[in-house]
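Two complexes, one shared chain (subunit A), two partners (subunit B, subunit C).
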Partner chain A sequence: MDGTYRPGTVGRGLAWATAAYLVLPILIILPVALTDQRYLSLPEDGISFQHFRTVLTSPEWLGSIWQSFTIAVAATVLSVTAGTLCAIGCWRISRRATELIRVLMLLPLIIPSIVYAIGLYRYFGPLGLLDRFLGVVIAHGVTGIPYVVITVSTALATFDPRLEQAARGMGASLSQTLRWVILPRIAPGIFSGAIFAFIHSWDELVMVLFIASRDVFTLPRRIWDGINENLDPAMAAVAVLLILFTLLLLMADRALRRRSEG
Partner chain B sequence: MSDARGHALSLREVSKHYGSFAAVERVSLEVGQGEFLTLLGPSGSGKTTILMAVAGFVTPTAGSILLDGADITPLPPEKRNFGMVFQGYALFPHMTVVENVAFPLRVRGLSRADRDAKVRAALDLVQLGQFADRLPKQLSGGQQQRVALARALVFDPNLLLLDEPLSALDKKLRAELQEELKALHRRVGRTFINVTHDQEEALSMSDRIAILNHGKLIQHGAPGALYERPRTRFVADFLGKSNFLDGTVRDSRPGGFALENGASRLAVALPDGEAPPADGTRSLLSLRPEKIDLLPEGQSADNVLEGRVVSWAYLGTGFSLRIATEALGEIRANLPAWRSAFAPTEGLPVRLGWDARAAVPVAEDAP
Partner chain C sequence: MTGTGRAGVGWWLLILPAFALLLAFYIAPIVQVLAISVTDPEPGLGNYERIFTSGAVQRVILTTLRICAITTVLALLLGYAIAYAITLASPRARGWWVLAVLVPLWISVLVRAFAWVTLLRRQGLVNNTLMNAGMISEPLPLVWNEFGIIVGMVHYMVPFAVLPMLASMREIDPRLLAAARGLGATRFEVFRRVFLPLSMPGIIAAGVLVFIFSLGFYITPAILGGGKTLMVAEWISLQILDLIRWGLGTMMATMLVVAILVTLAVFSRVVDLRRIFGAGG
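Up next, the complex of A and B:
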C-alpha cells in the first residue's frame, strides 16, 4: 500500500520470529511422522511411510477417527442451530438484555475447559451421559456455540435492516424473510461458525478425558493415551493427518468468505 | 396493471409520540384515487414517520389510517399490500434483478409461469428487460432505482410508497427520473405517496403537495396553488425563495389593502374571495424574487422601490441580485438574463417594481 510507513528491520525480524514460533512446532511433526525408527524420533537412515500405514490399517485408530468425526458433525449441527438462532434472536430484539445474553454465550470460551469438564462430570453422572456418544456431543456442541454466535453476529452487523422491512412490505412472513432474505445473507457467517465449531470438537481433549473412558474413545484421546503409554510414531502420523484436515477446512472457510465478498 | 384503479387513503388525526417528543402531531390528510401526493418537509418534519405509519412499520400513538374507508391501522405491513421504494432502494444483494422483482410474487405463492410473465411486464415498464440476470451491484444508481420501482409495482399494490426515491442520484439523473416517475404514474394509474425534502422534486412530480414542519401539516394543495399562495412564512420560504416584508395594514377593502412600513406604502391585491386583514393589524408579505422587475427610466409599476446592488450572481438563466433599499432593507430579486441589456455592478442604483398581485400575505409561523 502506498503512503504507509515501511516496517523497520526490528519489526520485520520480530514478525518473522513470531511466525516461525507459531509454525515450527507444527512442522517438526512432519519429519517425526516419517521416521524409520520404532519410537518417537527424527528419521535416522531414511524416511518411511510405515507409521501412516499403521494408522490407516489399525481398527483402533480408524475407529477413533470415525468416532471423532461423527461426534464433531453432530456437535456442529447442535452448535450451528443454537448459535445461529441465538445470534438472530439477539439481533432482532437488540436490547440491553440481549447484550448480556451474547456475553453469556461466550462463557464457554472464557471459562477454562477443565472447570467446565469438572462441572460436566458432576452432573452427567446422574443423567447417565458419561462415556456416551450423546454426552460428548452435548458437551462439544454447547462449547462450540460461541464460535457460531460470534461469526453469525458479525455477519448480521453488516445486514441492512431495511432489507427485512422491504421483505415485510412486500408481504413476506417472518419465516419467508428468514429463509429467503436473512439466512442467505448470513450464510457465510454460519459456514465459518460451523467450521470453527467442527474443529473445536475435532481436537477437544480435556472434556473427553473427564466424561468419556472406554466406549467413547476420540482421536485426541487416543493420541493422548499413545503418548502416555508408548512413544509410538503413529501419533505423529495422525497429527500430520489432523493438520492436513484442519488446513483443508480453513481453506474452505477462506474460499467461502472470498466468494461472498467478491 | 394499466387498467387498475388507484385506492384512496385517509389519515385521521394521526399522531406519533416518542416519549414526550411528538414526531407527528394530529395530521389529517386525504389522498384521492390515483393521486400523486408528495409529503414535503425538512428533516425531522415527520414526513418519513407518516409514510412508515402508512406502510405499517410505525404504529401511530393516536388516530387512524383508512384505505377506501376501511381501518387498516392495526394491520401489519405484510398484510397491507402496499408497494414501497426505500431510500437506498433496499434491493436484495444476493438476488438477480429478476429474483428481486419476483420476490413479492414468490411470497404470494404464484406459479413460475405467472411469475415470469408479470416480472417481464414490470421490467418492461421500467425499461430494464435486458438487465434481468444482473446482480444489483452491477447496476448504476438509476437502474437500481428502476428495479426497486418494478419490484414495488409487480404485485399490483394498493398504494405505492416512495421514501426519498431520488435522493441517492446525481442532479441530472434526478431530473430525468422525475419525469420518468411522473410518466410511470400516469401509465399505471395508481395512488403514489412520495416523501422528499427536495422542493423542486415535489413541485415537478406531484398532483398535490403536503408541507410538514415539526410533525404538523402546515398546508397542502396543488403545487401551483402552494407556490403562488403560501399561507405561512415557512411555506413561502421552504417552497422556493421569498422576500418577507412586514408592516401595518391600512386602507383595507375587499380585493386588497396597503401595507405601511415607515414612509413606504405597498399596494397589495388579493384574489377573489380572500378576506383582507383588518386595518391597523400587523401583516407579513411574501414576495418572490422573480416577481420583481427592474424598471427602466420613465416606466412605473404598482409598487416602486429605489435601491443599490449589494451583490450579484450570474446563474446562466438569470441574475440573482441582492439589493439594499432604504425603505425595506435588503431585497432579493431574480432577473432573466436573456434579452436583457442589464449589466450588474456592485453599487449600481436600480429602480425595482412589482405588481400589486405579486405579494402574498402570510402568517408568521407558530413557535
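Up next, the complex of A and C:
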C-alpha cells in the first residue's frame, strides 16, 4: 500500500497484542528448557543444558524420535506419490469430471481426526494393522494426500498445458511426458507438499492414540504421556528441539519457493 | 481439455491410486464405524434418542457449542486485527507479521498446549510471577477449566482466521480508503463504512473455518481441560476407549460430521473452501 492510510492506535495495539499472544508463549519454552532446576521453572542461578542431555541420551526418547521419523518419511512417500499423480490427472482431465475427486480430497482436512481414528481402530483390527508400523504409515499417508494435491495443483495452475500437448504431439508417451516435461516444472510444488505431508505425520497424535499402543510409540505419543503424567523440564527440551526442527523445515520450504520464483 | 482415447484413460489411471487409497483406507473405515451408531447395542435410533433424553449428552453438546462460539468470536477479533495490520503494513513489515502468523501455525499443537500448561498451571510462570509481585495471594485457576481451553484454542485458531481474512482484504483497493479519507471521512468512518463491509466475505469464511475446526478439536481441550470440562471429541474417545460404549460414541461422531457438513453446506455460497485451503497450504 502507498502509505496514505494506516491503522489507528486501537487497531495497531490489538494487532501487536495478538502477535505477542501468538509468539511469546512459544518463546517462553526456551528459558524453561535451559533451567538449572529439576522442575518446570525459569532458570534461577544460571542456565544448564542438563535437560537436553537427558533427552538426547534417553533410549526411550531417541527410539520415539527415530520411529516418528521413519513413519513420517514412509507416509510422505505414499502421500507424495499418490497426491502428485492425482493432481496431474485432475489438472489434465476436465474440471467437471473430477469434481467428485476434488471434494473427496478435501474430506480429510474437514472431518475431525477423532472420527477417522475411531474408524481405523475398528477397521485395522481384522486386518492385523493395529500397533503396526504399516498401519500408522497408511493412516498418515492417506490423510497427507490432500496437502500434496493442493500444493501440486497450485504449481500446475501456472504451467502451460500446451507444453504437454506439444510433447505428446511430437510422439512422447505418457510416462515420458510426465518425466521430462511435467515433473521438472512442478518440482517445487511437490517438495512443498512433501514438507507439509511430513510435518502432518510427524506431529500427528489422535490417530496414533487409537491405532498404536506399545510397539509403535511415536514422539507425539511420548510427549502426550509426558504432559499427562510428569511435567519435567525434559519436556521443555523436547519442545525446543521440535520447534527448531519445524523452523528448519519451514525455512527449507521458503528457500525452495524463493529459488523457484527467482 | 478432455483427453481422448488411450491418452484419456492414461490420465484417469493417474488419479486411481489416490482415489483407491482414500476409498479403502479413509471412506470405508469412517462409513463402517458411523454405521455402528444405528446397530449397537441394538438396531434402531436408540442412540440418537439420547440427545433428547440424556442430560450428560446434552451437557457435552452445549459445552462444546459454547466453547466453539466463544473461540470463534475471539479468534475472529484477534485475527482481524492481525490481518488488518498485515494488509496496511509496508512490504518489509508485512513479512514479519506474516511470520508471526505462520510460525505458530506449523508448530506442533502438543508443544503449544505444553507451553500453555507451563504458563498457566497453579505453580506456573504466570501465577508465580503474580504471587511474587504480591498482586495475588492465592494462585488463580487459569487452566484445567473452560478458561484454559479457550486460551489454548484461540491461540491455535487465530492463524486459521487470519488466512481467509487476509486473502479477502488484499482484494480491497487501497485507493478507496485514501479517497474516503480525502472526502472527509474520519479514520473510524473509513474503517466502518468502507473497509469492514468490503472484508465481510473474509470474516464469514474465517468464522466458518474456525468454527468447524473447533467442533472436533481433541488435543488442546483434552490437555488444557484436564478431564473436567469435556468437549465432544474427548467425550467420544472416553466412550470408546474407557467405557466401550461404541453405539453412543459413534452416534456423537456422526452428529459431529453432520454438524460440520451442514455448516459448510449452509455457507457454501459465501465460502469457497478450496480457496481457503489453497491459501492455507
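Everything that follows uses one rule, which is that the second predicted complex is superposed on the first by the 255 of 262 C-alpha atoms of A that agree within 3 Å, B and C clash if a C-alpha of one lies under 4 Å from a C-alpha of the other, contacts with A are read in each partner's own complex, and residues count from 1 in each chain.
The criterion applied here is as follows: contacts are C-beta pairs under 8 Å (C-beta built on N, C-alpha and C of every residue); 3 or more make two chains touch, one makes a residue touch a chain.
Not measured: the values here are computed from a predicted model.
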item: Partner chain in contact with A:Asp160 - subunit B first, subunit C second, else both or neither; value: first
item: First, second, both or neither for A:Ala15, with subunit B first and subunit C second; value: second
item: Partner chain(s) touched by A:Val181 [first = subunit B, second = subunit C, both, neither]; value: first
item: Of subunit C and subunit B, partner touching more subunit A residues; value: C
item: Partner chain in contact with A:Ile227 - subunit B first, subunit C second, else both or neither; value: second
item: Contacts of A:Thr81 with subunit B and subunit C, given as first, second, both or neither; value: second
item: Which of subunit B and subunit C A:Val149 touches, first, second, both or neither; value: second
item: Which superposed partner A:Ser68 touches (first subunit B, second subunit C, both, neither); value: neither
item: Touching partner for A:Thr218 - first (subunit B), second (subunit C), both, neither; value: neither
item: Touching partner for A:Arg168 - first (subunit B), second (subunit C), both, neither; value: both
item: Touching both subunit B and subunit C, residues of subunit A; value: 168
item: Subunit B to subunit A touching residues, read off their complex; value: 55-57, 76-84, 86-88, 90, 92-94, 103-104, 106-108, 151-152, 155
item: Parts of subunit A lying in touch with subunit C, wherever the complex brings them together; value: 1-8, 11-12, 14-19, 21-23, 25-26, 28-29, 32, 40-42, 78, 81-83, 85-86, 88-90, 92-94, 97-98, 101-102, 104-116, 118-124, 138-139, 141-143, 145-147, 149-151, 153-154, 161, 168, 174, 192-193, 196, 199, 203, 205-206, 209-210, 220, 223-224, 227-228, 231, 235-236, 239, 242-243, 246-247, 249-250
item: Contacting residues of subunit C [partner subunit A, same complex]; value: 1-3, 7-8, 10-15, 17-19, 21-22, 25-30, 32-34, 36, 77-79, 81-82, 84-85, 87-90, 97, 100-104, 106-119, 121, 124-125, 128, 155, 158-159, 174, 177-178, 181, 187-188, 190-191, 212, 215-219, 223, 233, 236-237, 240-241, 249-250, 253, 256-257, 260-261, 264, 273-274, 277-278, 281
item: List of subunit A residues in touch with subunit B within their complex; value: 160, 162-163, 165-173, 176, 180-181, 184-185
